[in-house]
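In what follows, subunit A forms one complex with subunit B and a second complex with subunit C.
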Partner chain A sequence: MTAVTPAPPAVRPAPVDAVPPDRPAGRARLRTAAGFAFGAALLFAVAPLMLSDFRLALLAKYLCVAMVAVGIGIAWGRGGMLTLGQGVFFGLGGYAMAMHLKLADAGPGGMPDFMQLYGQLDELPLWWRPFASPWFALPATVLLPMAVAFGLGSLVFRRRVRGAYFAILSQALAAAMVILLIGQQGTTGGTNGLTDIKGFFGYDLDDPVNQRMVYFIIAGTLLALLALTRQLIHSRYGELLVAVRDGEERVRFLGYDPASVKLVAYVVAAGMAGLAGALFVPAVGIISPALIGIVPSIEFVIGVAVGGRATVLGPVLGAVAVAWARTALSERFPGTWTYLQGLLFVVVVAFLPGGLASLWSLARRRDVGAQPARRRWLSLGRRRVERTEVPAA
Partner chain B sequence: MSLFRGRRILAGAMTLVAAAAMTACGSKTTDEASATGVTADVSGDTVKVGLLNSLSGTMAISEVTVRDSIMLAVEEINAAGGVLGKKIQPVGEDGASDWPTFAEKAEKLISEDRVAAVFGCWTSASRKAVKPVFEKNKALLFYPVQYEGLEQSPYIFYTGATTNQQIVPGLDYLKSQGAKSVYLVGSDYVFPRTANKIIKAYATANGMAVLGEDYAPLGSTEFGTIVNKVKSSGADAVFNTLNGDSNVAFFKEYKPAGLTAASMPVVSVSIAEEEVKSIGTQYLEGQLTAWNYYQTTPGAANSKFVAAYKAKYGADKPTSDPMEAAYVGVHLWKAMVEKAGAFDVEKVRSASDGITFDAPEGLVTVDGKTQHIAKTARIGKIGADGLITEVWNSGKPVAPDPYLKTYPWASGLS
Partner chain C sequence: MSGERLDGLSVRDVRVSFDGFTAVDGVCMEVPAGDIRFLIGPNGAGKTTLVDAITGLVGATGSVRFGDEELLGRPVHRISRLGIGRTFQTSSVFEELSVLQNLDIAAGARRSWATLARRRRGVPDEIAAALETIGLTEQAGNLAGTLAHGQKQWLEIGMLLVQDARLLLLDEPVAGMSHEERDATGALLETLSRDRTVVVIEHDMDFLRRFARSVTVLHAGRVLSEGTVTQVQADPRVQEVYLGHPVDAGSARTGREA
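For the complex of A and B:
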């Protein structure tokens, strides 16, 4: 762990994960702004022009997964909390949105179709009622996951549950939620989930124009979340979070409360997953237990690992790359794609432990001869940071 | 370092979001494309059809056999000259046992490949996931598996049994054998839960006692407790709606607990020839199944189907009800298209009523109103050789009644 602890600045430059305070801030800011402009151009101009309606809808779905990944990047990459249960928060957001849209489809006083079929209910269950109002449902998509994460996190982090125990706990939560949803078929739709969502606040989702609108909302939200994440991890809090990840006891001895620090990251990640779930519903038109159980929860984490968990952009790249590879491989090789996908994971984890995002710093290290010595320190440092994270997980 | 150092970036991103929301404001009116649906591409000398089955994941073991028999039907039709002079070109996709993936692949087949019809899906959850996709695009799905009924989509043809062609005859058979009480065991998902609701309504109306109802999670292999409860209930029979691997574990507990086909028969609705093979006949001999087709069903059409299947995929491969229903689906689609004289979905739908096909299970007739088919119900007994032999059949095809409207006891169900 000592390798990552920032040494006195006189000997070594500041921690690489943050922009060094002595460095001219203007250039870094310019680079980030350029990156954002590039990303925005890609998402808002290139993709809609190049892709068919079907492919654009798929991209919208990938971007939702990427939002979850951004949150995991904060909680796991920066905070060292391996959350194997982000599906729960994704599901809470998704179900909150889907419940509202189902009720809106059914009209005032109406009930979703499946309730009569499976539940033989005569009236709407009490806990569904508030979701009829968008003023309750929309905030709930984000606040509900955050509240659950807050409740769970306060219990768990205070008791200093971490590492594998935390991962198992978060996973158990995902399993429990799936069992609960399936068991309550009459009010939750069971294994089918909530399907057949037709409208989105008055807009007909069957219309390609409106599907495009949903895509733009998702792309914009993702960019906003990335900006937020960048602010967060470059703030004083962001550095504290990394410090907690790398030496929780030390931070405690310095007078901070690591539990609160971790709690914030966990709650923020949960909020992002909830928002992703909420936007996933109009984009894909379905939310079901199959999307929030153990397997999808692990798939979220795989995307982050492939992309590079400690960077801002890595989780997004990884999540989109994994989801895209899944579609592309399964279309081309319907019989054998699972093997190819597995091979891809093995190759990335074995040869690129820092994920796709580390390709950038690797490439920079190549032409290190032309670079000033300080640069070299930076890239070496970055590699070292990523190596030491592995046991922390 | 301030938390707000890059305020400008944040502001920039927010502006972008706002701009996006404004530039992209959608239209509330439905435009041409979605009003008419995607039309199939039949301009060449081939016509594409979609094959949507799970080739990976837990359902693969069952759904691959369905894919195989669809392919058999496609080859037969192509060898006989195709449909309206066009050869069928199958486009396969993997649903991966994951319901949202089914929806994604269905959309791909319809809007990218522009297929004329799609054959496939197995679980109810996958059908519910693709249903809006087919309805939105006004495209056709042929669904080959027995299911829980209570559904009737204008863009789905159901070639498997609905409840009054499988579960209700199964119950009638038990009643005729003098069963006064049943115990319900099922996997925890939509089909068993809905089926059991129907069974309970039937039991109440027919003076049959339901002594217990237990659900195991899909894929569960822990049946010690459930089997003990079944045993101590002393029920006359068990109605089993377990799916997949759970059946193996259930029957492996059932026999050693001292329960036999003679003392407490089990009627299963998801165990076909393929599953008998994997569970093991020593555990299943003498137990009952309810289907519309068995490999042993007599008739020239079936001998031809079984022989063709074994010649293509191997002599040890059994044929089963869902496979047969999928095979029938392709042939029915061909007959509908030829009657309509076009691949156009609406024309095919309106031509569908009354179409008949001399299927391996016997004569089947399409009911244009419900888009289900009339099929003969058959109760079978599992033999020591792993094959199922018929012990009772309905004598004539049973008209489909997905909402059980003709059964007074089911009035509260839909």
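For the complex of A and C:
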């Protein structure tokens, strides 16, 4: 690392009794409140008024992806854990919700349609039964992914698996989950997944009014998750997480166990992905292995990288932008999207490692910790940053 | 801050081997409470490895006691919580966090999760005091990555202070510092040793002569000589093995380092 300034003046600066200024709390809080109000207005008033039912349903889907992205932003952007398997947690949440809705559709004592179709089952499998109760199924959409993440994370982080090894491991998990689901066709619906979900706690999902309600639930949940994330990032824990990201060993020598610090972020991210999966099901009406495997898991990450992984809002904007671009471009130029997506990812990683959100903070370098280790990407990005810094100093 | 209890460090027959290569070969060393002990020796003598063993980074046999506590066999973060703090040859402050945040994290290893979940409000007293001690009060809000090299080293020391370390293990704290910065650092060490025990790995002979209270010379993983600066400098084995030529002990080396 280069020292920005030449060697310091002779003696240590005399102590000043003025307490150093903390971040300008008042104004920042006002700006955040304004930002939230703006976001709420956009999601709750502008979008429903401007968009057709079809587009609004698409937006609901994008916002679910954005929830996963918020979690990845915490785990990867702030915690340095590149998780390529968030589809697993998204899927656990989604399947938990879909199982409950299928059972509710089938009525008391009934079996989901697909089981009668290709299962030789006479009665509901044991592990399906608890999902008949909403009191079990709804908490399970979040707690189940969190529990899996806790188990996995405890093993992996204590053994100090990190970096690319962690990424590969998490990706393998996504592959394993898909194989498991497809293999158990009789009880999981196999490749088709759980489809044709009609009702949502007594509301008919074919009715546009109810679809709109689902959209509002999703938008509200996303805002709540953003508020939670903001609190997390600005808490002492959030600062500690960045420290673990940038110097895990150093943190250990300060008396912390970095494994538990990372575990919390990973579990929170998994919970967010689970919630997103659960809300995805009523919004789209289906959950299937193709929606939670390796490819969607990577697509979650691309959105986060494009938007800016270490900021609060970046992952959301990136996820929505990428998902929207995907729909728009594949409507017009089918087949080219995959290449464009790859290109986008390469360009962002090479030239704008902080994502689109860093354009803002490059101009005004404010948010501490918001630019994750540029130097770990290509040096090109680093030099650009320094060039913009010099005149400001 | 600290200073409830002043403990000494007792290293007995410590051995560290990597794949058959013995980096530390039965080192015994007693550092009395409140000492400023300099650990010197040619490259590869095992100085840093010894500190690694004391702090739990590498496995070792033998015994290392700080006060009444045995350190060997404990994980790194537990040893740290017993009041042992260290710095590294390369500065390892968290560059993407502010000076204040660096110190706040260093001070917080015993915080509960409930405290961690909340924001920091203002500047805790012990951190304000540490900021003054290391002379970085004005830079508290700056990113640590923007500090000059010497300031980063002081920040490291400041982090040990708020961490409540009672044994400071400093690995080449003045490397790359200007003369004035070295003086300031030396003065800082003297202040700190009033209620802490300090062990310094250093190559700079001039710095050693001015600030060491006692010296241990390591060579090839063993203790070659131990005593005051004068005693060690007069030791013919040290002159022969470590300093290369007997006369004019440190000047050649100092010239190179500076």
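By our rule, the second predicted complex is superposed on the first by the 322 of 393 C-alpha atoms of A that agree within 3 Å, B and C clash if a C-alpha of one lies under 4 Å from a C-alpha of the other, contacts with A are read in each partner's own complex, and residues count from 1 in each chain.
The rule is short, and it goes like this: a residue touches a chain if its C-beta (ideal position, glycine included) is under 8 Å from a C-beta of that chain, and two chains touch if they have at least 3 such contacts.
Quantities reported herein were computed from a predicted structural model and do not represent experimental measurements.
Participant: So, A:I179: does it touch subunit B (first), subunit C (second), both, or neither?
Facilitator: first
Participant: Look at A:R236 in the shared chain and tell me whether it touches subunit B only, subunit C only, both, or neither; answer first, second, both or neither.
Facilitator: Both partners.
Participant: In the superposed arrangement, which partner chain does A:D246 touch: subunit B (first), subunit C (second), both, or neither?
Facilitator: Only subunit C; A:D246 stays clear of subunit B.
Participant: With the two structures laid over each other on chain A, which partner does A:Y256 touch: subunit B (first), subunit C (second), both, or neither?
Facilitator: In the superposed model, A:Y256 contacts subunit C only, not subunit B.
Participant: Which of the two partners, first being subunit B and second being subunit C, lies in contact with A:I286: first, second, both, or neither?
Facilitator: It touches subunit B, and subunit C stays clear.
Participant: Check subunit A for residues that touch subunit B in one structure and subunit C in the other, and list them.
Facilitator: 18, 21, 231, 234-237, 239
Participant: Please output the residues of subunit A touching subunit B within their complex, sorted ascending.
Facilitator: 18, 21, 25, 29, 32-33, 36, 40, 44, 52-54, 57-58, 61, 116-118, 120, 179, 182-183, 185, 190-193, 195-198, 202-204, 206-210, 212-213, 215-217, 219-221, 223-224, 226-228, 230-231, 234-237, 239, 284-286, 288, 290-291, 327, 330-331, 334-335, 337-338
Participant: Hey, which residues of subunit B end up touching subunit A in the complex?
Facilitator: Of all residues in subunit B, those touching subunit A are 1-6, 8-10, 12-14, 16-17, 20-21, 23-31, 33-34, 55-56, 92-94, 96, 98-101, 103-105, 107-108, 111-112, 123-125, 128-129, 131-133, 136, 150, 188-190, 193-194, 197, 215, 217-218, 412-414.
Participant: Given the complex with subunit C, which residues does subunit A contribute to the contact?
Facilitator: 1, 3-8, 10-16, 18-23, 231-232, 234-237, 239-240, 242-243, 246-247, 249-257, 368-369, 371-373
Participant: Enumerate the contact residues on subunit C facing subunit A in the complex.
Facilitator: 55, 75-77, 80-81, 85-86, 88, 92-98, 100-102, 104-106, 108-111, 113, 115-120, 122-123, 128, 131-132, 134-141, 143, 145-146, 148-151, 154, 159, 163, 178, 180-181, 184
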